[in-house]
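Multiple structures follow.
Note that chain A is present in both complexes that follow, paired respectively with chain B and with chain C.
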Partner chain A sequence: MKFRAQMKDPLYMREFQNIIATLSKLSKDCLMILGAQQMHLIVNEDQSSTSSPLVWVSIAATEYFPEYVMEAAHPDQDYIVLIMSAANLGRALSFLRGGGANSCKLKLQRIQFPCISVACSLLSTSSTEARDVLYDVPVTIIPASDWPTYVVPQVPPSQLALALPSLRLLRSLIDKLKNMSPSLEFQANSDGELNVVATSEMSTVTSRFKRLLPRFLSADSDRASCLVDSRKASAFFTALQLANEELTIAIDREHSIHLQIDVRKDVMLHSILPAVCA
Partner chain B sequence: MKYTLEGTNARVMAKAVQSLSKVGKELFIEIEQQGLQMRAINATQSAVGSIFFKRSMFEVFDMPPYSDFYCKISMKCCLAVFRNMSEVEYCELNLIDNQNSLQVNLRCKLETTKEATISIIDDQNINTNIDTAQRSNILLGDHKLFMDISNIFNSTEEELTLEANADSLVAKNYIEGTRVNDKFMRTQLKLKPKEFDRYQVIKNTVITFCIKEFRAFLLFGECLNASLSLEFDDAGSPCMLKVKKHGEIECLLIMSTLSPDDVSFSHDYCQQDLTVQQKDVRTAASKRKSSTPGPSVQQKRRQQDGQAEIDSSMESPLFQFRPSEAPSVQQARMLAEVDTVVLIEDEAEAEALMLAAADAVQEACRLAPPKAVPEPAATPALPNSTEVCFYNTDDAPATQSPELSPDVHGDDDESIPQSPERFPQMRTIFSRCFQSTYVPREPSPNSHAYAPNSDTED
Partner chain C sequence: MAVELENITNCFLPQLVEKVFEHYHDISNICSLTKEDREQLFCDLSGLLGKELVERSLRLLDEYSFTYYYSKNNRKQCLVELHKGTTYFRVIPGNNYCKCDFFQSCVLQLPSGILYHDLPSGITTTPVGWSEASKFSYTCPHVLALKLHQLLLNPAGPPSTKTRMDSQSYSDYKFVGRVDHVKTFNTAIKSICFNDYAVLHISDEGLRITVEQGRSIQATLFMPPGAFTEFHVQDFQSFGLKLNDLSECLNLFGSADCSIRMMYKDQGECLYLILYPYDDEDVSTECAIKTMDCEEPIDHDMNLKGPDLNVIFARGPNLYKIFHELDKSAEEFEFITSPDSPYFKITTVGVLQAVFSVEVAKTSSMMMMFNCRQTVKARYKSQQIRLTNKAMQAATKVAIKTNSIGLLELHLVIQGEGQEEIFVQFYVIPLLNSVD
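Right, the complex of A and B next:
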């Protein structure tokens, strides 16, 4: 079983660190599935948390890692599946935020117990010398027999998907609405309108986003709506640490809302907010 | 006796009090002809910090010649007084009430005056006879550098290990070769000698000390914007952090370091085939807290050195209280002080030690007839503590562990007799009672290996 990856570009390193920081705000444990060409990071896989949504990130290895080597435990296996503490990984990568890092190496090792060694070479502002920082993040290796419980979630089918240009607006809005009502309704129609409705016993607040670009329209409908938990929605938006502002909302009528952020071409962050009863 | 400080100097003094508050619960003030010194000692007596303000920092330093003054005050009171110093323009310290109280007058902006009277608990002082002259290994660097070192570690980390070699300095939160918890994230920072203003490492050493007091002084060094110098010899002997500013402020933090005897090295530390399962016979607790087990347990450990690995602990207390002036009253109080200092271990540590001791005794009983009373440490092993001072000619109670330097004469009639030793036989009969019900010895299922390490780089 072997895994080694290296990053050299400061921009990519910062993005990767932002992704991990986002995940660490959502949950304690993070599931990492390493494929031959892809890395998946999944949080809240079992959706057992009432306040944090299912979020997963799929990264094409070639995007961030110019050097990426993955060999599974057995030749007929395709993946390495690991569970680790998201906070630990976030802390290990914290130096990548500053932009002073020259390179960062990830390596799966066993020193008393399996861990991912994160070795960064830093050039700090106050010194001319490069420093080496090494963090050994303890991981749990999941054997192939347990893999069926840990799968990369599927993007649910949806009737309508719209592109929202400003994350910040939606974030502050949902933050305030969550205090008003335990559930929020997202209504979208094919004219590019999105309504976010919060209903309480005293009042109903509707926020309308107009002139959004439809990303996807299925043939059978021109409108779709779904009621979701406002706390989960708020948790997702407050946890985001990415520099992107664009978001795609796809609604599967009465089932779920799928949110997708394209960090770059083959690096995507997804989240599913399941529907709740009124 | 009156001492006054101008605004900025008063703020520096307030910062000094805040740093010392992170070290100890009481502030010892010593005022002599050259200036004012503040000291604090931590609960386990493994670190003493002292900050010295020279006479020139004070506007008025009214001290009768050929005299000096010591006192001990509660740190909480000091913190409350020196809390908000941004408005202060002038600070005045007075000793009133026949030297029983310290009055602090803070004249602030807009004609407001804050006055606080802190009652003096005691006139005790801490003294050490640890040589503060330069040690063989010296690291002198800017505060930013040491802050960088401190920042890579979590705020909950307890100890810092430095491996100093001629060509590199590695700062870690673990000791190479010891076994750590499954969930422990090892952290390591490697620095080159060129980063330091002065880097003198005569011999390769590894020292481990508590990071809490280190961080407290680092904070003070940062607000002084000064360079810090870390001086040490080798593991077991104290290491010192010195900060000097303009010749007016001198800070010294003496910390005890972990002695190599106390560290339990794991035999199975090294990269190995993933298929082999190592049984961990030792107790799981790996945190090393600053504490000294009672003398009886410590002696058992000395006997069973090779057979049982017991959780390491910091050395026995380095520092001793020194009573001043009135001996008749002081003695009783000093004994009381020392009593409370003989240490309060927390539950886990005590249990772990008892567990280990029970183990050790079981093995001893199997191998050799049990000794009725463990003999005092005749082993001439490396002394666990460095020179402990007993400055006063007054009788020092011999409640410390017997490994202390032989200069100490404890007067037996003054010393508090130790509790009767426990007999090992009882432990073997009822050994199960002393063990915690869940013995975390089995390897965790998470550490099961599934494939050998085939990385060609290793």
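Right, the complex of A and C next:
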């Protein structure tokens, strides 16, 4: 079993750090599925608190890592599956935040226990020598027999998807709306209008986002709506560290809302907010 | 002529053209332009810019395709491509600039062919077929064609920053009010938000929101029509609502500035608030707050009329500092206002009868007016005085009035950035044992 990956571009390193930081705010544990071409990071709905949603990120290895080597334990296996503490991984990568990093290497190795070693080479202002920071994040290797429980979630079907150009207003709105109502209704129509409705005992608050780009329409979908838990929605938006990216909101009538952020062409962050009863 | 000439003769050509477009844009917002309107528009433009230019623009409008490109993150940024076959021109809406040769030579008066060697081959180097009269022009046909396109063919038009409601729909509502900057209103509402229920009174005089707690303290927010950008009311409207909901709605966009419109139809209907943040004109929030019937609050104003009042006007920030420094653990505050020394004195009586007092001389620079006829000494619950803190913090001026039995009125003026004033009044009933 072998895994090694290296990042060199400061912009990509910061993006990768932001992705991990987002995940570490949502849940304790993070699942990492390493494929030959893809890296998947998944945080599941936290058992201890019901407020964080399922979020996963799929990264095309070639996009972020100029060097990416993955050899599974057996030649006939396609993956390495690991579980680690999201907070630890976030801390290990926090050195990338300042932007002074030269390169960052991820390597799976066994010291006394299996771990992912994160080696960041940092440039300091005071000296010309680069400083290396090594951080070992303990991991649990999931044997192939348990893999069926750990699969990458599927993007759910949807009737209508709209692209929201900026997250800033929606994020602060949802944060305020969660104090008003336990559930939020997302209504979308094919004219590119998204309404977020919060209903409380004495008031109804409807936020309208107009002129959004419809991304996907199924034949019979003029409009679609879904009621979701406002704390879950808020948890996703509060945790999100990828500012000012375009968000796609896809609604599966009465079932779920699928949120997708395209960080790059082959780097996507997904989340699913399941529907609740009114 | 549709645009009045007297008003505009002192403007220059660019403003004139702007004005013509604004005028017709206003018309088309209400109803689509009629044939006569269009004729008049073309006539107006021909008069200003020359017949030839307008005719060529109209021909472009017929023959060329217009494609609008919007930037991903900012929908306000837009580029328009006018194209036909391999010929294309790119113009930015709102900017009077074009790369075409006519613009270079006849508008900018540049010698032809020195700029832009990389022009696409479809564009000829000298403007052919233009008459002498067009040698000095304000703009080129492409820019004008785009303006016409936005006005005539693109009903959504350039996003208008003004949100208007035509006068017809006003008649459905008994009250319509618009405030351009929500910040001051929001601070004022927050400062009286000490109880759940509030009563709203709306009349020609303005908007009044009254909150009471246990009949011993009352706060009233008063907004005169001048504090609104728009204010329409029919008769006298009065209803109750949950103040927390109102405050939360006003606060939805957090620190982002927004304008707000309030509407109320009739008894039993909701109060509608619509917020429009300035950052993004495609976003708006509509809040419907249920209203209820409620009993009339006590009118303390009656008791505070007459000649035997002690009145002090003070500067808000100074007074806030004094109130802020008062002993927070104290149970009771004693106020003394007097024509003689100590003039104005606040004493706090804390646990174990610890006493702390502040005196302000009538000559102090924080006093704007001092008019006391008699010595009034009264005690108030410190909890209730502290409810005025938030309002005091925002106030620019404070009037302190007491009558002979010690009924205290704090009248605060909160001033917004646009100099509009919102008034907040607190009436505090004195404690009984003060008469000793």
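One rule holds in what follows: the second predicted complex is superposed on the first by the 271 of 278 C-alpha atoms of A that agree within 3 Å, B and C clash if a C-alpha of one lies under 4 Å from a C-alpha of the other, contacts with A are read in each partner's own complex, and residues count from 1 in each chain.
Keep this in mind: a contact is a pair of C-beta atoms (placed from the backbone, for glycine too) under 8 Å apart; a residue touches a chain by one contact, two chains touch by 3 or more.
Bear in mind that the values here come from a model prediction, so they are computed numbers and not experimental data.
Put chain B and chain C next to each other and count what each touches on chain A; the higher total goes to B. In the superposed model, A:L134 makes contact with chain B only, not with chain C.
Once the two complexes are overlaid on the shared chain, A:R110 sits against chain B while remaining clear of chain C.
Shared-chain residue A:H74: touches chain B; no touch with chain C. In the superposition on chain A, A:A61 makes contact with neither chain B nor chain C. When the two structures are aligned on the shared chain, A:C30 is found in touch with neither chain B nor chain C.
Residue contacts after overlaying the shared chain place A:L273 against neither chain B nor chain C.
In the overlay built on the shared chain, the residue A:S207 is in contact with chain C alone; chain B does not reach it.
Using the contact criterion defined above for the overlaid structures, shared-chain residue A:L169 touches chain C, although it does not reach chain B.
Applying the stated touch rule to the two superposed structures, the chain B and chain C interfaces on chain A have no residue in common. Residues of chain A that touch chain C in their complex: 165-166, 168-169, 172-173, 176-177, 179-180, 200, 202-212, 244, 246. Across the complex, chain C meets chain A through its residues 72-75, 241-242, 245, 248-249, 251-254, 256, 270, 277, 279-280, 282-290. Interface residues of chain B, counted against chain A in their complex, comprise 142, 144-145, 148, 152, 154, 179-180, 182-192, 194-195, 266, 268-269, 271-272, 274, 446-447, 449-451, 453-455, 457-458. Residue ranges on chain A touching chain B, taken from their complex, read 1-2, 4, 71, 73-74, 85, 88, 91-92, 107, 109-115, 124, 126-129, 131-138, 140-141, 143.
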